[in-house]
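Per-chain numbering from 1; labels A, B, C and D assigned in written order.
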Amino acid sequence: MRSLFGLWSKSCFPAVPWGLISCREMAKSKFEYVRDFEVQDTCLRNCWVLVRVDGRNFHRFAEQHHFTKPNDVRSLQLMNRCAQNVMDELDDICLAYGQSDEYSFVFHKKSNWYKRRASKFMTHVVSQFASSYVFYWKEYFPDVPILCPPGFDGRVVLYPSEQNLKDYLSWRQADCHINNLYNTVFWSLVQKGGLTPAQAQDRLKGTLAAEKNEILFSEFNINYNNEPLLYRKGSVLIWQKVNEVSKKRIKLPNEVDEKEVEVSRWRKETVILHCDVIGDQFWEEHSSILSDDS
Amino acid sequence: MRSLFGLWSKSCFPAVPWGLISCREMAKSKFEYVRDFEVQDTCLRNCWVLVRVDGRNFHRFAEQHHFTKPNDVRSLQLMNRCAQNVMDELDDICLAYGQSDEYSFVFHKKSNWYKRRASKFMTHVVSQFASSYVFYWKEYFPDVPILCPPGFDGRVVLYPSEQNLKDYLSWRQADCHINNLYNTVFWSLVQKGGLTPAQAQDRLKGTLAAEKNEILFSEFNINYNNEPLLYRKGSVLIWQKVNEVSKKRIKLPNEVDEKEVEVSRWRKETVILHCDVIGDQFWEEHSSILSDDS
Amino acid sequence: MRSLFGLWSKSCFPAVPWGLISCREMAKSKFEYVRDFEVQDTCLRNCWVLVRVDGRNFHRFAEQHHFTKPNDVRSLQLMNRCAQNVMDELDDICLAYGQSDEYSFVFHKKSNWYKRRASKFMTHVVSQFASSYVFYWKEYFPDVPILCPPGFDGRVVLYPSEQNLKDYLSWRQADCHINNLYNTVFWSLVQKGGLTPAQAQDRLKGTLAAEKNEILFSEFNINYNNEPLLYRKGSVLIWQKVNEVSKKRIKLPNEVDEKEVEVSRWRKETVILHCDVIGDQFWEEHSSILSDDS
Amino acid sequence: MRSLFGLWSKSCFPAVPWGLISCREMAKSKFEYVRDFEVQDTCLRNCWVLVRVDGRNFHRFAEQHHFTKPNDVRSLQLMNRCAQNVMDELDDICLAYGQSDEYSFVFHKKSNWYKRRASKFMTHVVSQFASSYVFYWKEYFPDVPILCPPGFDGRVVLYPSEQNLKDYLSWRQADCHINNLYNTVFWSLVQKGGLTPAQAQDRLKGTLAAEKNEILFSEFNINYNNEPLLYRKGSVLIWQKVNEVSKKRIKLPNEVDEKEVEVSRWRKETVILHCDVIGDQFWEEHSSILSDDS
C-alpha cells in the first residue's frame, strides 16, 4: 500500500488538502454554537393541545380543480382520509374534527409526545396531512389530475379545561353550520335561481337562519335539514375498538396435527361520524375520548 | 307561498326547530372566546428566520423504497425540486440549503410575511415541502410507486447577525461533509469490501478524515474529491435574474403592417449550486443574497 | 413682541437651531419602530397565574443583619407585611403563601389584569415586595439599621387545574416542613450541643424525619410539634370580609337635630393563617378562595 | 434514652404521627412535578437585552410627595442613584438611560447572566431599583417622609443590531426632549402666566417646538437651551475606569523598616452624563461601551 501522503500531498489536491478535511470536523464543532439559538417551545402541561390545519389559498385550488359548489363530496372525503392518516401515523391524538378546508386535531392533555414541543405538534400534523392529500388524491378524484402541490397552514392552541376544548369544537361546528347554510342558499340562487353572485349576495344580506331556510324551501323545494350530515355537521374522527377475527393454523402440544383456529384480537381504528358535538349527548356517549386512560 | 311556521313548526322538525338555528349563530359568538387562547408567536424583527425541514423516519422510508446507498441521486434531486417549489410558492426566501433528508430555508431578516408569525413560517414551508414530495415523486422515481405519505418535521430558528446565519449554513455543510465521507467509506466496505455493517462500523471507529480517505483510495480506488459535489457539498438554492426573450407581433403607430419584435424581460428564477458556503468566496460572489434589496 | 427669528436665528443658537427641535419630533416617530421589538407575553387564559418571589443572596443579607437561626421571627413577619402590601396594592390576588425568604402569589385564573401579561404580573409583584421590604423594615427591626437595598428574583408559572395549583402550594409547604425540621435540629446541635456546623451536618446526613424528631426530643427536650406554626407551616394570606362599624352624625329629613348613628360596612382585608394547606380541610373551609366569584 | 415510639406513638400525637412526617418527605417529591410547568424564557443569543423600568402610578406618587413641577431635581437624582445601585449589584449592564420616572438598562449582547432568562433580567432589575428607591429616599428628600412603598413596572426587549439599540435610546431621549419642552412651557403658563391647566393645554394645542420656544422666551424670558441638561437630555450612566491611589505600609525584602508606599489600582465605576445620545458623537467618544470586551 502506497503512502497516502507520498502519493497525494500537495501535488494532487492543492485546493482541498487533507488538512482541511479534519479542519472541517473541527469546523463543525466550531459552528455548533448556532444550535443554542433554538428556543424551547414546550406546550404547558395538563392542557389539551389543539392543532388546526387550513388549506392555503384553497379558494383558488378549488377553482383550478373544478370542485362542485357549495360542497364537493370528493374533497371532503379526501380531507377525512388525510385526517385518518394523521391519526394513524402520529401519537396521542384522541379526536379530530373537520369541515370545509380545515381540520382540527386534539392531542390528549397527558400527551408527552416529543416532549410537548409546539413545533413538533404543528409540523408533523401539517406535513402528514399535506403529503396525504396528494397521496390519496387519485382515490377520490380518479378523473381529475392534481395540478400543483397544495399548501396548508397550521397552528397550535392550548386549552386548559375540558369545557374550553368542547367550546372550541362547538365553535368550529357552529361555523360549519352557518357557512354551509349560507353557501347552500347562495349557490341555489346562483345555480338554480339564475342570479349573479352579486345579486345572490345582496339577496342574502342581513337574512337570519329562518329566512334562509324559507328561501331554500319555498323557492328550491330544499328542506335544509335533509341535506347530508357530512355537509351540515362536518366530520368527527374518533378511535373505536374493533374485534378482529383471523384464522390461523397451529399445532397444540400433545396433538399430532395442526389445527385451524380462530384468533380474536382487539384493535383500535378510527371511525368517522357526522354528528352534533355542541350538545352533551356526544360527550356522554363517548366519555372515554377525553378520559385519562384513552 | 305557504307560511313557513304553519308548515314546519313542531311536526316537521321537532329535533331541530328553527329557533335552534339562529341560536347557533348566537352560539358561534358565544364560543368565539376560544380564539383568545391563541398566542402571538411573532419572530423578533431584524433577525434572519431559518426554517429547517427534516424527514420523519426517513431511514425506514428509504428502506421501503430501496434508496441506493450511500446516496440516492433521485432522492436528492427530488428534495431539490421540492425546495424549488417552496421558494416559488412562498415569499421572502432568499436562500435554501439541502443535504441528505433535510432542507433549510432562509427568510430575509426584513421579511414581514404573515406578520413574521413563527407558526406560519414553519407550517407553510413544511406542508408545501411535503405535498411537493409526493407530487413530484414520479418524475424522479418513475418506476417506483410511492407506498405511503411521508412526514416531515420543521422548526424555526432566529439568527440576529449575518455571521450567525453563515455559521448555521457552515454547520450544516460541515455535517454533510462528515456524514458523506463516513457513509461513502462505510458502504464501500460493506458493498465492495464484503464486511458486515457491524464490521464496517468497527473498522471506522475513531478514524480521522485522512484515514477514511486513505481507505477509500487504497482499498477501493476512490478519490473522495472526485465524488459528485451534490453528495459532498449538498445543494444551495438561490435566485438569479434571467433574461427572457420572446417574440411578439405588434403594430406601431404610423405604420401600416404588424411587425414581429423581440421583447426582453428580466425574471427571477431559482438556480441550484453545489458549492462551498463555508469560505468567504460564495458570499463575495453572491453578495446580493443577504442584502437589503434582495 | 419681537420676532423670534429676527432675534435668535443663527447668532443665538448656532448649536441647536430651531430647525433641529422640530426635527426631534420627527425623529421620535422615526425611532418609534423599536417598539415593534416588544413581544406579547400573554399568560394562557383560564390558568392560575403563580408568581414566586425569592430573596437574592439572602443568605448573605441575613448574615449582615444578624438574623437569628434557625428562624428570625422579625424577618418572617416583615415578609408577611410585604406580602400584605402586595395583595392590597395589586389586583386579583386570591392567596399568597410564604416561608423562609420566598413568597408565592396566586392570581385568579379569571384575572385579566394588564391583559394577563407575564412581565406585568412578575415585575409589579416583585417591585412592590422589594420596596415594601425596605419601607416596613424599621417596624420589625427597630434597632437594626438596614445596610443595603435587598434584591429579589421573580418568576411566573401557570397552572391549568385547581389540583395543579394545590399541589404547587403543597410542594412549597412540604419544602418548608423539611427545611425547618432540618434547620431546627441542625442549629440545636450547633447552638446547644456545641457541635461545629460540619459536625452537625455529618450527624444529620441520611437521617429520616423520625430520627430528627428523636434527636430534638431526647437531646434538647424539644417536641418539634410544639414549635411555632409560623415556622413549621409558613404563612397563608387570604382575604376575609370584616364588618366595620363606625359612628356618624346625620340629620334625617323631618327631624330638627343631628343624631349619631352606627354605620356598618363590609370590607375585604387580608388575614394571615399558619395552617396546613396540604390536606383537604383548608380548601373545604375556604372554598370561596378559588371560586369564580371570589 | 426512652424509646421514641414507646413514648409518643398514638397517645401523644394522634393528629400528626411520626409516620406522617416522613410521608411529607415523600409528599414533597410527589408534588415536585409542578416544577415542570415553568417555561424556559431564554433571551435570543447575540441580541442586546433592554430592561425598562417605569414608575407605577407615579403621577399620584409625585402628588402625594409634593414633587416640584415640571421637574423635581431630587426625584431625578434619586432615580439616578437607584440606577447606579442596579448597575453595581447586577452583572453585565453596559449602559443605562433615565428620564422622568423611567430607566432603561442595557445588558451586553454577549451576556450569559442567569442563562439569559428574561424573568431574571426583569425581576432583578426592577426589585433592586424598587428597594433602592426607598433605601436612598432620605438622602434626596431629607425633609419629606416617604408615605408608601412605590411600585414599578418592568419589561424586556431584545435588539438584534447595534443600530436598533441606538435607535431605542434615541427614541427615549427624543421623548424626554418633547415632554420636557412641553412641560416647561405648560407649567410656566400655569405657575407664572396665571393660566388654569385647561387654558394652558388649549394654548399649546398644535404648537410646534419653535412656537413653544417663542412663548418661553417672549413671555417668560426663558431661553430653553439654558435649561439644565439633566432635564433636557436625561441621564446616561456608563462605566469608567478610575485610578485609585491608596497608601499602604509594607516591608520590602532586604530592608529593615516598613515603608509607606502608594498603591495605584484601576477600578470601574459608574459615571452620570447628561448628553446627547442621538448623534454619532457620543458613540464615537465611548466606543468601548458596546464593544465585545467591555
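Note that a contact is a pair of C-beta atoms (placed from the backbone, for glycine too) under 8 Å apart; a residue touches a chain by one contact, two chains touch by 3 or more.
The model shown is predicted, which means the values in this text are computed figures rather than measured ones.
Q: So which chain is farthest from chain C, going by the mean of the CA atoms in each chain?
A: B
Q: If you average the Cα atoms of chain B and of chain D to get two centres, how far apart are those centres in Å?
A: Going by mean C-alpha positions, chain B sits 46 Å from chain D.
Q: Provide the C-alpha centroid distance between chain A and chain B, rounded to the nearest whole angstrom.
A: Their C-alpha centroids are separated by 21 Å.
Q: Can you work out the whole-Å distance between the CA centroids of chain A and chain D?
A: Roughly 50 Å, centre to centre.
Q: Note the residues in chain B that touch 2 or more other chains, in rising order.
A: 37, 39, 44-46, 158-159, 164
Q: Quick one: label the inter-chain contact graph as line, ring, star, complete or other.
A: Contact map by chain: complete.
Q: Hey, which residues of chain D end up touching chain A in the complex?
A: Touching chain A: residues 36-37, 39-40, 42, 44-46 of chain D.
Q: Which of the residues in chain A end up touching chain C in this complex?
A: 44-47, 109, 158-161, 164
Q: Looking at the complex, which residues from chain D come into contact with chain C?
A: 1-2, 4, 7-8, 13, 16, 18, 21-22, 24-25, 27-28, 31-35, 37-39, 53, 56, 85, 89-90, 118-120, 122-124, 126-136, 146, 148-159, 164, 167-168, 170-171, 174-175, 177-178, 181, 208-210, 213-214, 217-218, 223, 225, 278
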